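Sharing a structure with you now.
Read from first to last, the chains carry the letters A, B, C and D; within each, the first residue is number 1.
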Amino acid sequence: MSEKIAVSIVGGSGYTGGELLRLLLAHPSVTIRQVTSERLSGKYAHRTHPPLRKRSELKFSPLTELQECDVIFACLPHSQSMQHMPSLMEKAPRIIDLSADFRLKDPEAYARWYHAPHQAPQYLSKFVYGIPELHREEMRSAHYISSAGCNATATILGLYPLLKQQVVEPQSVVVEVKVGSSEAGAESNDGSHHPVRSHSLRSFQPTGHRHTAEILQEISFGQDLKVHFSATAIDMVRGVLATSHVFLNQTLDERAIWQIYREAYKSEPFVRIVKESQGLYRYPDPKLLWGTNYCDVGFEIDPFSNRLVVISAMDNLMKGAAGQALQAFNIMHGLEETLGLEFGGLHPI
Amino acid sequence: MSEKIAVSIVGGSGYTGGELLRLLLAHPSVTIRQVTSERLSGKYAHRTHPPLRKRSELKFSPLTELQECDVIFACLPHSQSMQHMPSLMEKAPRIIDLSADFRLKDPEAYARWYHAPHQAPQYLSKFVYGIPELHREEMRSAHYISSAGCNATATILGLYPLLKQQVVEPQSVVVEVKVGSSEAGAESNDGSHHPVRSHSLRSFQPTGHRHTAEILQEISFGQDLKVHFSATAIDMVRGVLATSHVFLNQTLDERAIWQIYREAYKSEPFVRIVKESQGLYRYPDPKLLWGTNYCDVGFEIDPFSNRLVVISAMDNLMKGAAGQALQAFNIMHGLEETLGLEFGGLHPI
Amino acid sequence: MSEKIAVSIVGGSGYTGGELLRLLLAHPSVTIRQVTSERLSGKYAHRTHPPLRKRSELKFSPLTELQECDVIFACLPHSQSMQHMPSLMEKAPRIIDLSADFRLKDPEAYARWYHAPHQAPQYLSKFVYGIPELHREEMRSAHYISSAGCNATATILGLYPLLKQQVVEPQSVVVEVKVGSSEAGAESNDGSHHPVRSHSLRSFQPTGHRHTAEILQEISFGQDLKVHFSATAIDMVRGVLATSHVFLNQTLDERAIWQIYREAYKSEPFVRIVKESQGLYRYPDPKLLWGTNYCDVGFEIDPFSNRLVVISAMDNLMKGAAGQALQAFNIMHGLEETLGLEFGGLHPI
Amino acid sequence: MSEKIAVSIVGGSGYTGGELLRLLLAHPSVTIRQVTSERLSGKYAHRTHPPLRKRSELKFSPLTELQECDVIFACLPHSQSMQHMPSLMEKAPRIIDLSADFRLKDPEAYARWYHAPHQAPQYLSKFVYGIPELHREEMRSAHYISSAGCNATATILGLYPLLKQQVVEPQSVVVEVKVGSSEAGAESNDGSHHPVRSHSLRSFQPTGHRHTAEILQEISFGQDLKVHFSATAIDMVRGVLATSHVFLNQTLDERAIWQIYREAYKSEPFVRIVKESQGLYRYPDPKLLWGTNYCDVGFEIDPFSNRLVVISAMDNLMKGAAGQALQAFNIMHGLEETLGLEFGGLHPI
């Protein structure tokens, strides 16, 4: 018991906070010290996060009462995290930040995509970008990790092996993600009203999606990469499916593509290559990944052109947020990487 | 053109107002004079009600600018309608009210079910209760009609022929309705947030549902009727399905029950008896009624007891609100009852 | 009555047949003579198509009993239509074919995309390709019309004005359609099983989609067009949303793009340009079009590149099949083009 | 390793088989010896059950190759289980049967509800009815357990404490369950076709539901119980919600009802009393239980009558099938009852 890692969650009333609570409660090496929420201070966390029912008597604390601990998971809204970071750093030697505030290394890129200057640029270099498949070694000794965006993670894990091997034309990458409503967070608004949002196919971000900046940062590999990114919200709660269209700069058959992916991911516990020639589940599908930390990746070569279609799926609250943050936590602490992330999904669902 | 009936919609920003606008625009005998909304005053109605796109350039007016017209459809929120009724009556000789305020004849019943005294009890007797199948004759000469509740309409149309014939035990009627999210209106709230409301089976009113009062008023027929009513919200936008469990006080076979229903509804343009011994659509299903003014009614006799299960379905915004109001309007004006209500539904959907 | 156009539907048990029946029954200039189905011969059509309940007593006939009439709507499965076409031509002077068999002018293109030689190439030149916005004049005197594919229609109507004006790079058009389950027809299979298909995001055709051939045929305008097409099935029954990514070959601002679309579609009764800077319905969304014959088109210019994202939506059974066929029928007969196609959609839904 | 309990699953291609595989693979005290399927013999189980991907290389075996093992989970279709039971009993000393064949003690009740004579009545007395909350002690020494029906379990756990205390009128219990599509199994058919089944509210069993027989058997407690049971299928894959209407035969306030439930379930690991006076999750909702083994139970007293509405929810494939079977397995073997059943559900979903 005394050896457990004491963690606190700052900003625990939202979906990523709730997901982290759920995962951390079941984690054998962790003890949860506090979970903060200003609005819900003093209330039971299980009232807001039903999976905690009969499993935890934890109550929300105000941020002002945050105590010292070993690790803070910061789940504050975007732009608030950078304001609170200095004081959080005084409370814990290790911080995993789930906001978008510390993902980009370049404050100018931040300003360009977020339409406002960064307020704490001096911290940007301290954070490791939070995709283990790309930055595992840095994570082992990291103190600060910035968890990656959900759509960015899905896209990056789909394209990373191809871009690294420089087998695609870097100027004409088109990515279209289909996302569920939980991506927009726990706050209700007119656009999330059930009669409005149900059955909708909402082109909520045809251009200008902020996650593009992360993708460019992480998988350019020195090339002048252009990622033409669009996002469509569908009638789904959890899940993201990224369909990426890239154009091969050389002739590669299916076997060669397989080889590139296998090489990149053969030891990865949470990336699966999913590509079946028959059956009902030939390509990645996020519904099969609800609650899991997997990113499934598949592909198909266009027989009529040099296009390669890459399909990557995951649960935006897991591999796209809380799950990936916990994976990074495990790496940071030298623990088994899959600890607390063993759930394999449900079917049918 | 000069012969058209000039109608205005008061409180036109919500779902029943939008549905009425849609229907009235296509009605050959109607011209829409005004549609009011305080919040959206001056804005195009098609921004709020997309089916009006490229079909109407109507803008919302404030209530203070309401002009005289032939008929007002009042779609104000419950309890506001009774406050505005005196001034509305000065603007138009005929009013169809879609709130709950004038449905009950007995102000004490109102107080009991709505937990507040009625504020304009002197008007209660002026209104005809708005189900044409029960009150068609009164409607022909009526000036004021109070449109019935959606769940009440579904239940009443399912049970009315049986109660009228007094063939069921009046003390043990159990009704359970399954309803969609549009019943709760156009205002978003935490409970209507898509990630929360999707897939939910919410027992939002296990007891105490206000529509019970209307049902008791309309189908007691002198008996001491008890309706044990519960409502469950499901993942659906439009539609209500009422499953009513009644106990026969005499032996009646299927043929006899058929006869009772046929007798009651054989001339009704909007009630269909749906009961097939085979096929995919054996009983009423609200999805087949989206956009239509039908109430479909079916039944099954329990082979092991004297229970009769009655199944009635409709679109809560149509036969449960705007459609039924327009049906009453047609009757009121001596028009063909189905005018503007011809849509027969979509399949598959 | 004697002036009505006598039509028959060949192959009327499926979804396009049912949709045509529904529309034609309400069409003021039409009388339905027969509807054929081998499997359901002798049975009431309303058993299979619930919107016909209490509206039609029509029964299915076998194809062998098909009588002469004015117009045949052929809804046979792909590849069967070309086999029956000679005998159908003996029964009626005008035929609107809803299969894929007569869409392509070039039998080699057919063989390439359908992986089989065309069996009646001598008829290909007789058919007008069935999108009125492109071929209205030819339709006025046509005897044979081949109704366009649903995904092709959505894509073509989104891109046609741009390609015609030759303002986009023809080699790098990427199109991704999101489609509902009704596109796959009325036959059940393991992949359409509700527990499997619900919530799924199925990349059913990442490459090689046959509708690509139609798109290339119709909007190349002499350029060497490449359309990189992918299709993803989502948890929706009706509807298709095409998101097309094109790259401008010249600098055009939003006003110029608007101008191009307005020029092309200003007189079109069924194409709306939907692009709002605020509100909940900023871009086309198929849920708003269920049951309508509209194709809504919107766009957004990428501020960081020369990409233009075009969003087009429709109901695949209406503008993508039966509705568009009826629109062609109206043109063919010199009738008001919108006759029988007035329904404006439902909201909320 | 050598101490692990060797289990086989007979009939493992369906949903309960897949769910068991998923659970047993993660169970620390179990080793899976075989999983049988005639149709899929020789194929990887993960092709049919995607949660096994990258987790198991198990292949299906034919039943003829079934070897001896410690425990057989029999997931054969109803009526086939009784045919194979003698040979299964030769293979393993302990059997947990998930079909309906051995749930009823009385062969006449079987014949009445299943419309066919029981083919192996001599075995009926050997099986313990599989709800641990009612039969835990018998299970500890049982060799044969018949897992309970999903709808029966939800109803029984909701009503058991009340019936046992004999506080309700036994003649007038009305139960209405709302169920998802996975209850009907993995075989596709016309009624499970996605365009047909989506959005449907199908009254598939208004009367005569077979699970009624189990309910009567288990909670009559010597009274002449009548359970008026109806089942409606909704657009959901997993989950069952039972709404039970009972009439108190004495005056009991909320506190007294609480006391009755608390007394019955206070030590139960998988039954939670869910009843909140505020918040979004006031009553049991199956979506919160997807993948868990919980049965949540809540209630509301009707202020206008002696009716008590009991609401009980669970995942039909877990507490309603595989999960409850595994719970029984744990009890049978003296293991911690929650072993392998720790998953607490997802939210939002």
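As a convention for this text, a contact is a pair of C-beta atoms (placed from the backbone, for glycine too) under 8 Å apart; a residue touches a chain by one contact, two chains touch by 3 or more.
Fair warning: this is a prediction, and the values are worked out from it, not measured in the lab.
> Identify, among C-D, A-C or B-C, the interface equivalent of A-B, where equivalent means over half of the contact pairs coincide by residue number.
C-D
> In terms of C-beta pairs in contact, which of C-D and B-D ranks higher?
If we tally the contacting C-beta pairs, B-D comes out ahead.
> Report back the single chain whose CA centre is most distant from the CA centre of subunit D.
With centres defined by C-alpha atoms, farthest from subunit D sits C.
> Could you give the separation in Å between the centres of subunit A and subunit D, each centre being the mean of its C-alpha atoms?
The separation of the two C-alpha centroids amounts to 36 Å.
> If you average the Cα atoms of subunit C and of subunit D to get two centres, how far apart are those centres in Å?
46
> Could you state the distance in Å from the CA-based centre of subunit B to that of subunit D?
Those two chain centres are 38 Å apart.
> By residue number and range, which residues of subunit C touch two or more other chains?
15, 182, 186, 190, 195-196, 198-199, 235, 237, 348-349
> Inside the complex, what are the residues of subunit C that reach subunit D?
Residues 15, 180-182, 186-190, 192-199, 235, 237 of subunit C touch subunit D in their complex.
> Give every residue of subunit B touching subunit C within the complex, in rising order.
Those in contact with subunit C are residues 15, 18, 22, 26, 47, 49-55, 182, 186, 237-238, 272, 274, 276, 279, 281, 288, 290-291, 342-349.
> Contact residues on subunit C for subunit A in the complex?
172, 174, 176, 178, 190-191, 195-196, 198-203, 206-208, 212, 226, 228, 230, 232, 234-236, 239, 241, 243, 245, 280, 282-287, 298, 300-305, 307, 309, 311, 313, 348-349
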